[in-house]
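Scroll down for the structure; my scribbles are underneath it.
A, B and C are the chain letters, set down in written order, and residue numbers restart from 1 in every chain.
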Amino acid sequence: MEFVLHISRFEGPLDLLLYLIEKNKFNLEELEICPIIDQYLDYINQMRCLNIELASEFLDMASYLIWLKSCLLLPSQVDIAQGGEQDPIEELKKMLATYREMKYAAQRLSERPLLFHDRFPRGWAEGDKELTKMNIASIMKAISSIKSRTKHYVMRIERARFTVKEMMRKITSVLKTRGKIYLVQMAGTDEKLEIVTILMAALELSRLSTVRLIQGKLFGEIYIVGKDSGVKD
Amino acid sequence: MRNSEIVEALIFSAEGALSIKDILNILPDASKQEIEDIVTELNRTYDRSGRSFMIEKVSNGYMFATKKEYSPYLRGLHKTKRLSNAAIEVLAVIAYKGPCSKQTVDNIRGVDSSSALRTLVDNHLVDIKAGRPLKYITTKRFLEVFGLNSISDLPDIAQFQEIFGEDQNIEQEEDLFL
Amino acid sequence: MRNSEIVEALIFSAEGALSIKDILNILPDASKQEIEDIVTELNRTYDRSGRSFMIEKVSNGYMFATKKEYSPYLRGLHKTKRLSNAAIEVLAVIAYKGPCSKQTVDNIRGVDSSSALRTLVDNHLVDIKAGRPLKYITTKRFLEVFGLNSISDLPDIAQFQEIFGEDQNIEQEEDLFL
């Protein structure tokens, strides 16, 4: 169980790989890649078993490593370092080396005495503060704050994709041909926004007494039936 | 570490005036009298050693200030006051949309911008162009303060969502500024 | 009035680091060397008289700040923020590889850096340069906060490699795998 560490301990897949390499006392240059790949995949699997939400980058790296391992095991069929092309293992090592440099640089940076933590500048009353902190970013921030305040201008495309009204129409028309539909069946994608739209549309239809929403048991699947259908609650 | 050093550091780093009560919160074993004596003694030391600053007693506490006699030199430092968020918003709109009228600025922001516009003009960040209606434009000073060579150095608004996208789901292509 | 008093008053009354250039604008008869000597002498005086602050050489200029040993007391007065590890990593990448795009930062770290970038921009440690793609750079504020005179004060990456005790010659090693 020593693998079960909090994923939040790692900044990303490269960080986790570096940890595994250090733990095995491997040298980045003469890296034995297979055991590291296995340990990485083990780790990811355990995280998934524990229902720990993993950032997509960890999973992307997992599938990449599975591919890499399959290449290593089948050298005759897939030549991973075809003439001229970059060797993926070398590339991975380079990425790890660069990341390790930056991680170390970050550690060194955070050891420096920090202003407002270890050193304090002369204090200024709020009103006396100067313009010195004005920069392009503050202009961009101002624009985005205007945008978020006047969202109706920027959300048009998104609303066109999943509108409650349209979803209501869709549900009504499906109900014409079928007695009942499970809410999840209405979803064409697995986007959260679509699920929310479906639920809102169903609630709205129920409010208008056009449909009835039925849930057989606690946490059971919710389905919709037409108002006049013979289905019992 | 002596209390006088700590008191000096506290007053030095405080934003605005620091009250004796605030000081006593951090040095609970000191007394009000002791703090007052420390400040008097510090000022005496500054005077004796020819420091150009001193601790002033203002209505609500103590604060550092440079002595009056240096003010002719300090005026050369060109302090420009910090802008409110509203003023930066107006400035941003004029930078991207200018020259434009107050009406345009108000429409885009959804609120009245009179007072922010006034601040910007007072700070020489925005200038007025004659006409009906009056038009507002950013100035050379604006470019200096924001470290731009020209107004075309401002990034494209469509690129903002890279870090300022409030929500990944919101597509910002359809926007007001196009 | 002596130049050293004026220099002290100028640095004392500036918010953030005051550049030597700004000081010379106000004291045109002084030389760069003279300013440097004045600051060295002032710091010596502060040390001798037990001042809790000193003049730091940061961001190609000078700034007053309290000495480290007072921080336990001063933290009681100020809200101190610490950057997340992610934010410091992003900052390190931008400091060493910048100006660079978000894509470069993401590639080096192997994860998306939007939110860390946003924090750094919000804290004025990183600014944006227009272009396609946008580039990120560290600011004067970054130098002030980390007490650096310039980016080149950062330790050399080549030094890190010695610490790792390998990577002496990546190019050569690569051949072995081809």
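In this section, a contact is a pair of C-beta atoms (placed from the backbone, for glycine too) under 8 Å apart; a residue touches a chain by one contact, two chains touch by 3 or more.
None of the values given here were measured: they were computed from a predicted structure.
By number of C-beta pairs in contact, A-C leads when A-C and A-B are compared. Taking the mean of all protein Cα atoms as the centre, the chain whose own Cα mean lies nearest is C. Centre-to-centre, using mean CA coordinates, subunit B is 21 Å away from subunit C.
In this assembly, the C-alpha centroid of subunit A lies 33 Å from the C-alpha centroid of subunit C. Here the spacing of subunit A and subunit B, counted between their Cα centres, is 37 Å.
Residue positions of subunit C touching 2 or more other chains: 12, 15, 53, 64, 66-67, 70, 74, 78, 121, 128-130.
The set of subunit A residues that touch two or more partner chains comprises 120-122, 124, 128-130, 133, 135-136, 140-141. Only residues 120-131, 133-136, 138-151, 153-158, 193 of subunit A touch subunit B when the two sit together in their complex.
Per the touch definition, subunit C reaches subunit B in the complex via residues 1-2, 5-6, 8-10, 12-15, 18, 22, 25-27, 45, 49-53, 64, 66-67, 69-70, 73-74, 76-78, 102, 114, 117-118, 121, 128-134.
Taken together, the subunit B residues at the contact with subunit A in this complex read 9, 12-17, 63-64, 79-83, 85, 88-89, 91-93, 95-96, 108-110, 123, 145-148, 153-155, 157, 160, 164, 166, 169-177. Per the touch definition, subunit A reaches subunit C in the complex via residues 11-15, 27-29, 55, 57, 61, 81, 87, 89-90, 94-95, 97-106, 108-110, 112-122, 124, 128-130, 132-133, 135-137, 140-141.
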